[in-house]
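So, here's a batch of structures to check.
Below, chain A partners chain B and then partners chain C, in two separate complexes.
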Partner chain A sequence: MSYDLAVIGAGPAGLTAARVAAKRGLRVALLDAYATTGGQFLRGTAQPRLTGVDVLLGQRVWAVEKSAGAFLVHASTTVTAATLLVATGAHDRVIPFPGWDLPGVLTAGGAQALVKGERIRPGEEMVVAGTGPFLLPVAVTLLDAGVRVKEVLEANRPSPRMAAALARIPSKATEALGYARRLAEARVPYRTGHAVVAAHGEDSVEGVTVAKLTADWKPYAWRTVDCDTVAVGYGFTPQADLPLQLGCAFSGDHVVTDDRQRTSVEGVLAAGEVTGVAGAPSAVVEGALAVHALVGEPPPRLLAEKARLRRFARALELSYPVRDGWRDWLTPDTVVCRCEEVTLRAIDEARDLGAHDPRTLKLLARPGMGWCQGRMCGHAVARLTGHEPAPQKRPFAQPITLADLTLHDREDNA
Partner chain B sequence: MVGAGIVGASCAYVLTRAGVRVTVVDRGGVASGTTGAGEGNILVSDKEPGPELELALRSNELWRELDEECGGFEWEPKGGLVVAETPEVLDALTAFADTQRRHTRPAGADPGRPENVPPASVQVAAVPVAAENLRGFEPHLADGLAGGVHYPQDAQVQPMLAAARLLKASGARLVRTAVERFLVSGDRVTGVRTGQGDLYADAVVNAAGTWAGSFPQAPLPIRPRKGFILVTQPFAVPPVRHKVYTAAYVTNVASDAEGLETSGVIESTRAGTVLIGASRQRVGYDTAIDYPVLAKLARQAIGLFPVLGDRQVMRAYAGLRPYSPDHLPVIGPDHRLGNLFHACGHEGAGIGLAPATAEMVAAQLTGRPPRVDPAPFAPGRFA
Partner chain C sequence: MIVFRFEGRPITAEEGQSIGAALHAAGIRSWRTTRFGGRPRGLFCAIGACFDCLLTVNGAPDQRACQTVARAGDEVSG
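Let's turn to the complex of A and B:
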């Protein structure tokens, strides 16, 4: 079966696009790695029925190929489509600190997914730390699940720019106020200019070291907080393996699109966080706009809304950067790459051997060579060599068994 | 020294020890080209009797010495096991091994050896393995193989670490910039023009790998031959002990075919992963991923080691092997310009052949007698 449109990712952007495209009479397949639609944002909420859409769940897309004018989307099954919409979202960005490899250290997104998707309480007493407004809904989700949230630590300090941006979007301001009220009711302190700079424990987390941070995140004034779990999130990295495989143009860590979500590669559209982290409302607008790349003209209202939300996202990005002072949190024994257990000492040795860039560092010391293929440590490894984090090409967006790979031998390439 | 791959690093190491002051120039830094895309093979098993086998045998000795002198690059004298699927292939393989075993380096080719130093081993060790004994070498090999040959001299290093360690130990200065062209005065090279200005030298060594043929003042017929490697998940105990490959690999290595060729080449690394090769394609400088080729490699790997079937593959990468028309490396003084030496065109054998290449270049550059006859590798042979 060949589709007009294959949508990869059933979060806010993908769901919207699939629904609108089906309404317009297109043959649509919607694929997602999880067992339910909704993605990270809508996980655990009631999902709408999608009429006229082939919803293919549990499909971990590991590669996309262009062959004979169509796209082959490889997951457990292979879907053929004339046009592709990549709406694969983003994953948590983390930075290393001593003890972050202990059980009990979770990403903020991972902690939220446990509650929303699995109805699991990640811990009893937790600290939430990192940067960005996402820490607030995570803390509230944890509170609602019955977790005792001891502190929420924002490494940056609120800027006038952020306040101004918030004031221009009343819905966002109301949302933020709601979170703040909920934290205040539960007497959870929200501290800016603070971070978890170390986690301690024998076999799992028993406590964390919290430090005040200078403007560039150098720590001072340390204290200890007892807790059994810590959730850390330093923003998000777009999950852009598939557009990278296809050769789409990038700007920094995200895919470049025009106002109708068209990438630089003919027939490949992208919407939502993969085009730059901007949140669910923006993803919904972009999902709808993407369909207009195929049928009709984009309504000016949608274009204006997108521009407004993107400006807000830009203000967020500038207000919650990751500052380089985190390097001072590390000791030589701190593990930087958890998959391959590469310590800062090993990284420094490789740099001494001539690894001046992330790729050479990977070849000499193995950070990013393991299971997660650098998704966790990529940002830190790039910054440790003084480079801007850049998207890494991954021929396999997901691991695949060798037996499954053999199914993709085609005689036309022999 | 143009190029900071394994050949450039080895040359820098040997030359600095001979008292030469060396500056290495590479646009990508250490091991950024073909060296960073290989398995680190140090093989005698796939070399037919002749000059390349002599270079490989000498290199094999030198790698052992380098591991003792320098080390830190995961030297694994694991040995190779070549297997044959059918009795006919086994006959051909054992006959091939026989010719290898009979090949000894002529005594006259070792004039640099002082009288009191005994001659090193210059013979290939190749031991036929009957079908029923294959599992003694590799417990997880598939059923139904006809037999094989064990090559105890075959070894492996982590090639990127090897280049980095040798370069570091050499003390040579590394300049990370592109070499645009050679500086020429009359019929002699006087240095190189780089992205960071001109560098003058008494001699220039071209170890630019896949790009070594493209300097306009001294072109060489060196072109890329693309190859893929698949990398599996890490194993606590990897199921492959030796470098294991099918006899078809030897014919592919020496083949002149334009199209795609694949043959199963399987080995584990110290990190616990299993590396799966080998494909050969002439598609220019294109390193794009080609899933049907990867699928063929996966099929051949499972054919040899069924236990790999349910294991995950995590990544794949492509590299470019620099090859010459006669598949021999290009080593020695340029036939057009004085003070220019080439050390390139090693195809897929650059890691293995690097130390003997460096020894040869250093001997020629410093006017000492070479250990291996350099004539078959002379750059002028294509003129």
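Let's turn to the complex of A and C:
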């Protein structure tokens, strides 16, 4: 069976697109790696029944190829579709610090997923640290789950640009105030210009070093805080392996689209965080707009809403960057690549040998060569070589077994 | 609730919960050590991106604990 539209990723963008497209009479397949729809944002919430959509769950899409005018979407099964909507979301962006590989250090998104999706308490006493407004809902989610949140640490300083952006979108301002009030009620300090610069413990986290940061994130005035778990998040990285495989144009780390979510490659649409991190409301609007690339004209209201939310996202991006001073948090023994256990010392040695870009560095010292394929260390490794982090080409978007490949051949040859 | 075994020890999990979350909630925070430094590893990203939480489920190696739903009777090891 061939579909009009295959939607990859069943988060806010993908769910909306699938629903709207089915309503418009398109034959739609919706694929997701998880056993339920919702993506990271809606995990653990009641999921709507989608009528007229073939929902294919537990499907880890590892490659997409164009063949005879149609797209072949390869997961455990292969789906054929005339057009493709990539709505694969993002994962936490992390930066290394001494002890960040100790069990008990979690990503901010991971800590939230453990509460929302898994219904467990990630720790008893926690510190939340990083940059960006996402730290606030994470801290509140943890508080609501009964975690004692000791501090929330925002590495950047308050930004006038952010304040102005908030003032233009009342719903966002109300949301931020709600989080601030909840933290204040629970007497959780929210400190800007602070970060967790080291985690300590034998087999698991027993405490962290917190430092004040200069505007460029150089640490000074250190102190220790006892805690059993840390949640760290420094923004998000779009999961853009599939559009990269297909040759879509990128700007920085995200896919470029027009006002109807069309990428530079004919028949390939993208919506949500993969087109630049802007949050769930923006993803919903873009999911709906993507359908209008196929049928009808986009309602002006949706276009205006998208523009408004994208401006807000731009203000966020400019207000919460990762600043260079984080390099001063590292010692020569700090692991930068968790998979291949590549330390800063090994990276510096490779640089001394002439590895001045991420790719040469990877060949010489192996950062990014392991299981995660640079998803965790890619940002840091690029920055350590003085390069802007760029999306990394991965011919396989997901690890697969040789048996999967063989099965795929059999299906194709049948 | 369902019960699976981690290196012989019974672990309870909620229906639909991942093996990684059930272990973490049971106070088991690491289940493998790294190849070179022998460093402990457990959950980190918890959404399938970092591959820190790999373990063996019913003989199948290199499964992501955070992406593998626990089933009654599963035999799990690091």
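Throughout what follows, the second predicted complex is superposed on the first by the 407 of 414 C-alpha atoms of A that agree within 3 Å, B and C clash if a C-alpha of one lies under 4 Å from a C-alpha of the other, contacts with A are read in each partner's own complex, and residues count from 1 in each chain.
Going forward, a contact is a pair of C-beta atoms (placed from the backbone, for glycine too) under 8 Å apart; a residue touches a chain by one contact, two chains touch by 3 or more.
Keep in mind it's a predicted model, so treat the numbers as computed, not measured.
Enquirer: If chain A is used to align the two complexes, do chain B and chain C fit next to each other or clash?
Expert: In the arrangement built by aligning on chain A, the partners chain C and chain B fit side by side.
Enquirer: Return first, second, both or neither, reflecting whether A:Ala304 touches chain B, chain C, both chains, or no partner chain.
Expert: It touches nothing on chain B or chain C.
Enquirer: Can A:Leu353 be said to touch chain B (first), chain C (second), both, or neither?
Expert: Touch partner of A:Leu353: chain B, not chain C.
Enquirer: Using the superposed model, give me the angle at chain A's CA centre between the CA centres of chain B and chain C, as a multiple of 10 °.
Expert: Taking the centre of chain A as apex, the angle works out to 80 degrees.
Enquirer: Contacts for A:Ala35 in the overlay, against chain B (first) and chain C (second): which applies, first, second, both or neither?
Expert: The answer is second: A:Ala35 touches chain C but not chain B.
Enquirer: For A:Leu402, is the partner it touches chain B (first), chain C (second), both, or none of the two (neither)?
Expert: After superposition on chain A, A:Leu402 lies in contact with chain B alone.
Enquirer: Considering only the touch criterion stated at the top, classify A:Ala215 as touching first (chain B), second (chain C), both, or neither.
Expert: A:Ala215 contacts neither chain B nor chain C.
Enquirer: Just checking: does A:Leu57 make contact with chain B only, chain C only, both, or neither of them? Give me first, second, both or neither.
Expert: Neither partner.
Enquirer: Pick one for A:Leu318: touches chain B only (first), chain C only (second), both, or neither.
Expert: In the superposition, A:Leu318 touches no partner, neither chain B nor chain C.
Enquirer: Looking at the overlay, what does A:Trp371 touch: chain B (first), chain C (second), both, or neither?
Expert: both
Enquirer: For the superposed model, what is the least distance in angstrom between any CA atom of chain B and any CA atom of chain C?
Expert: 7
Enquirer: Can you list the residues of chain A that touch chain B in one structure and chain C in the other?
Expert: Shared contact residues on chain A: 370-371, 399.
Enquirer: Which of the residues in chain A end up touching chain C in this complex?
Expert: Within the complex, chain A contacts chain C at residues 33, 35-36, 40, 91-92, 94, 101-107, 109-111, 113-114, 118-122, 203-204, 239, 335, 338-339, 341, 370-372, 375-376, 399.
Enquirer: Can you tell me which positions in chain C touch chain A when the two form their complex?
Expert: Touching chain A from chain C are residues 14, 16-18, 21-22, 24-25, 29-30, 34-37, 39-52, 54, 62, 66-67, 69.
Enquirer: Chain A touches which residues of chain B in the complex?
Expert: 4, 29-32, 36, 160-161, 164-165, 167-168, 174, 176, 230, 232-234, 260, 271, 273, 276, 289-296, 298-299, 301-302, 308-317
Enquirer: Which of the residues in chain A end up touching chain B in this complex?
Expert: 63, 65, 74, 245, 340, 350, 352-357, 359-360, 363-364, 366, 369-371, 373, 394-396, 399-403, 405-410, 412-414
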